[in-house]
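Once you scroll down, you'll see the structures, which are given as structure tokens.
Each of the two complexes below includes subunit A, the first together with subunit B, the second together with subunit C.
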Partner chain A sequence: MADRRRINGPPGGTRPPVFASLQESSTDIANRAQRQRQPTELRKIFLKAGLIPTASGSSYLEFEPSASLAAARSNPKSLIPPSSALKLACTVHGPKPLPRSAAFSPNLVLTTHVKYAPFAARKRKGHIRDASERDLGVHLETALRGAIIAERWPKSGLDITLTIIEAEDDRWWGDAPDSHDASWGMMNVLAGCITAASAAIADAHIDCLDLVSGGVAALVSDDSSQSASSAPRLMLDIDPAEHRSILSACVVAYMPARDEITELWLKGDSSRAALDRNDGRTGHEALIDGAVDAARGANTVLAEAVRESIARSFA
Partner chain B sequence: MASLPPIAIPGQRLGPLSTYSAGPGTHVQQSFIYASIAGPVVADPAQPKSQTRPTLRVSRGIPSKDQASSNPAVPAVTSKPRYNTLPAVDSIVLARVTRVQKRQATVSILVVLDESATQSQDQSRTASDNDNVASILTSAANPENHSSTDELRFQALIRKEDVRAVEKDRVVMDEMFRVGDIVRGSVISLGDQSFYYITTARNDLGVVMARSDAGNMMFPVSWKEMRDPVTGTGEQRKVARPF
Partner chain C sequence: MTSSTTPINPTPPSLSLPPSQFARLQPHAYLLAHLSPPPASNQPSVRANGRATSQFRVTSANAGSLTHTNGSAVVRIGDTAAVCGVRAEILHTKDIASWSVLQASSEQNLDKSNDVGVSETHDEEDRGHIQDLNLLVPNLSLSTGCAPGFTPGAPPSALAQSLSHQILSLLHSTRLVRADDLRIWYQPPNLDSEEFRNAGEGMDVDTEQSEGSEREIKAFWVLYIDVMIISLAGNPFDAAWASVLAALRDTKLPKAWWDADNETILCSDNVADARKLSLRGLPIASSFCSFEGDAAAGWRAVVIPDAEEQKQKKGAQQRWILADPDGYEEGLSQERASVVVDKENGKTVIVKMEKHGGWTVDSDDLRQLVDVSARRWDEMKRILDQC
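Now for the complex of A and B:
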């Protein structure tokens, strides 16, 4: 319900106008973010657990900013940063008693809240969780439910709250939305959420089967000329701002000690992947394998962060 | 026997089920014991009669001296322990009375006492545990935060017939508990959706801390009476046997 007694600002976000002539200019090519990493090279992850004293478990995660963002910061050509890097905080509250109205549950009742800060993305988010944020919460809940040993905590609830402080872009900011456009940035956010939530749960001493970590892989075609030779290539841990078009992407939540996937989210058309001729895998199999590899990489950071927080609490 | 890691993280393989048996903080998959929480790994030596294998467990980080001595790689814990253990059947809890009715008393559980601490005869260890409990109880006695913290604590009921073991039919709840008393009880059931069930029908269970009408801390004089040291008046309670 809008406030009718005052003169309100526009309901949606506003953006500064970008003129088409500006984009066509030669600076566009220079400003455009380019992937500097190898296809299988992951971004560095900063992860620290146990930072919030009032929560029973907490963690903070940051992805390394892309090389183009670092270059733009040292030598700014535009006021608009070329890409953004994920930053998020996770808190775990509980196990605590269920609300009086809830029915008896012999298991731990998991509640996940994912919320973007209003300033997290280029388009401002409201204070009420929108559909995409609720969707992320459901994906995160399935990812974590497979890892938590819920029957060890009867009659209790666990609240997991994730605050996205800086989100990933869905595309390069100057690009207009096109046909194979989707919220690719959300998939990176989900992978980060899974890894951070796992660290926070371990910090809260909730029984888990394994540390579960998230990974993203995508099929991208960077060639602007739409020739037949420019088949899409498989890349791990994509920054959507660095690619011209992403055809398909996949997030997994993966438990390496058991070699199990607890959550799988595959989006887009994965049939046109350019794989090795000897490679018998289909496009989506290659995508899932790539995402698992990325999750394995994230798991090494996760294990080290959990070990570090335990060593600190016992020091 | 393979050497155990000093600190385990969830999903870390600790040892085969043929050498150890699985304790708290671990789970078993394909006849191997895996850690399910992060913390120091403790191998409790096998009891000569009851079992043949040592029990592996991952400690939740409640400080104790004998853990540190059995596992020298882990330094003695001094930081604030977190009591996020749940009440289970037969666990001893400390609870504050929030409401006294004709047939039952409502309490909110403050602390679930560690089973190993109550069984342990080590004097220094019990002392350190009591220190922590004392700090929790004094924080709970602060009247300002009652309403907010009660929703975060597990609620429990002491029914009239669970107050004492003898003369159950003569129990008058008003003469057993008053609002604000600290009660030591034993959990008998996880109960329904909202309440645990607690019994005090043992000599060592009952009211451990209580204030008189005048507001002074009372000391126990018998199993059913506590006395105010200042005014000298006695009040009726179901008193726990002091150690």
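Now for the complex of A and C:
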């Protein structure tokens, strides 16, 4: 049963540390991370392409830490981090000939691997890819397949590998013990993966229709009063640790030049969105529009990073 | 010959090759031409990457940038980059199947050794706990797309397994981490003294015995040390080990105590209560490879008895020991040497020495390599102290 190719820990298993403060009172409002940004304000993205010379294309992406995380880093008080910011590295190998045993393909065969580092999330991840990581890989593949002009490389393969060094939280840590909602952090990770992979593909000089970038929007209800009248509001580029409850979230992979969405992933109940009276859109339409806006924002960073890497390769 | 000699006559462009293509087509000749320039040209012998033979690549280290770790570090040596994260988890002694046996045997040892000298057995017990209970769990991953050869999603390659094991054995043999730091103690409440005493107050064996009330180990910290090689351009071991070292230096363990009511271990999330690991020494790894001008020379000496004399007649140095090889140089050499040194009070101590794959590096060379490694130690100490 034990993985013989890796060094395993104690056979009896270990337990993550339990913090005493968590047991005493889990509703410490003062400690709770709060969103300091405007609903339509995006986080800054650090994106650099072409860092890994052994790969044909590569990129590194980092999200700006939230206000609470930045404060906790500069002046640490608690060992429990308030939130975390996405950090990931992407490499592209190829186009390379498919193995002889592979069936003939008139198109470029795309393979995507998304793997969390064991220390990426609040809960230690295993070394073998789990279902959620495979799911992310499939989502990423559909997002990229729509952008790459695959007919130009028959009988070839392209390997895209993403290593998540630090993932986004699914919720605020204080809510974690008694929460059963979906893993919202995954959606942010997917958006980051799409943007980073797009930069790496451009860095590998693979022909694409356009640069495809990822964006997230969500319907959140933050009111502590929990009154029935508080309708959920639309927010762009959420950090799940900053919100009390997320009702619905949406990721898109978007190509601005063609105004085309190559991947859409919407989760949760979007019917109760609070929109303007004269806004005729339904909840999910507003959510998708919001995600597209976020993706447009990411695209400006992406275009700049790609321009930089191209300039370097011709210099 | 070398890349710098350009043809004087305007030859047809099809016959002249740019250096990068020459490097790919004739890698051995390319590196050899760099290392042995013609004596007339007055050029120094440099490697194809512009370094001198005993020069290491530019190294940088950065610690503590990952949120969900107890300690983390990023080390870049040239184009090789390693990210290391240390996560601490708790191993309860009741989850250890052989705990009662282990404890009984260690007490016996203590009784026997009371007249031999406490410090020695203390060290021995240190090693026993960390090694027997697998308290240090290093794993290295190369399947991050760091180099074309490693397929992501596949089980760890032979190289990754061997590197993980080398890190583990070096952690054990250097006894870098103290078992005392990883123990979580419990003092049963004494009615007339203060209620609880926690770990880290007094580790002395003697005081424990004289007090009478037995202090017991309730749990251990287990350190999961995971190294992701983000970019691989040769010499992964030095980068991985440096990142492990930097991450362990950055590691902070929360204060933990046995909560008798809940029968579990609780931790304090207060940063002021947390303490750093106190590591033993600072072992620094330096790797070398030997590039042979004539790869079959060593074998010829065996097969042809007078080959050695012929070689001496030529008088040419036919091999170079290259420090911190990059991926290109690693592909061209068979023989590897790795030296791990530490310095105690200015004195160099060899912690580990490894050499395999050939026989051109002799004992004089190894002595020189230790000197080079000692210089590297100073440099790495400066870099690690800054991060």
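Here, the second predicted complex is superposed on the first by the 284 of 315 C-alpha atoms of A that agree within 3 Å, B and C clash if a C-alpha of one lies under 4 Å from a C-alpha of the other, contacts with A are read in each partner's own complex, and residues count from 1 in each chain.
We adopt the following convention: a residue touches a chain if its C-beta (ideal position, glycine included) is under 8 Å from a C-beta of that chain, and two chains touch if they have at least 3 such contacts.
Bear in mind that the values here come from a model prediction, so they are computed numbers and not experimental data.
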{"item": "Touched partner set for A:256, first subunit B, second subunit C, both or neither", "value": "first"}
{"item": "Contacts of A:138 with subunit B and subunit C, given as first, second, both or neither", "value": "neither"}
{"item": "Which of subunit B and subunit C A:77 touches, first, second, both or neither", "value": "second"}
{"item": "First, second, both or neither for A:115, with subunit B first and subunit C second", "value": "second"}
{"item": "Partner chain(s) touched by A:311 [first = subunit B, second = subunit C, both, neither]", "value": "first"}
{"item": "Touched partner set for A:98, first subunit B, second subunit C, both or neither", "value": "first"}
{"item": "Comparison of subunit B and subunit C by subunit A residues contacted", "value": "C"}
{"item": "First (subunit B), second (subunit C), both or neither touched by A:12", "value": "second"}
{"item": "Where subunit A meets both subunit C and subunit B, residue numbers", "value": "96"}
{"item": "Subunit A-facing residues of subunit C, complex", "value": "66-69, 72, 79, 81, 83, 85-92, 95-97, 133-135, 137-139, 141, 143-148, 151-153, 155-156, 161, 164-165, 168, 222, 224, 226, 228, 230-233, 252, 254, 256, 259, 264-271, 274, 327"}
{"item": "Sites on subunit A touched by subunit C in the complex", "value": "5-23, 51-55, 58, 69, 76-81, 83-85, 87, 89-93, 96, 113, 115, 117-122, 124, 127, 129, 159-161, 163, 165-166"}
{"item": "Residue numbers on subunit B that touch subunit A, as the complex places them", "value": "7, 9-13, 25, 27, 29, 34, 36-40, 60-61, 74-75, 77, 79, 82, 84, 86, 151-155, 190, 192-194, 196"}
{"item": "Interface residues, subunit A side, partner subunit B - complex", "value": "56, 94-98, 100, 102-105, 149, 153-156, 202-211, 255-258, 303, 306-307, 309-311, 313-315"}
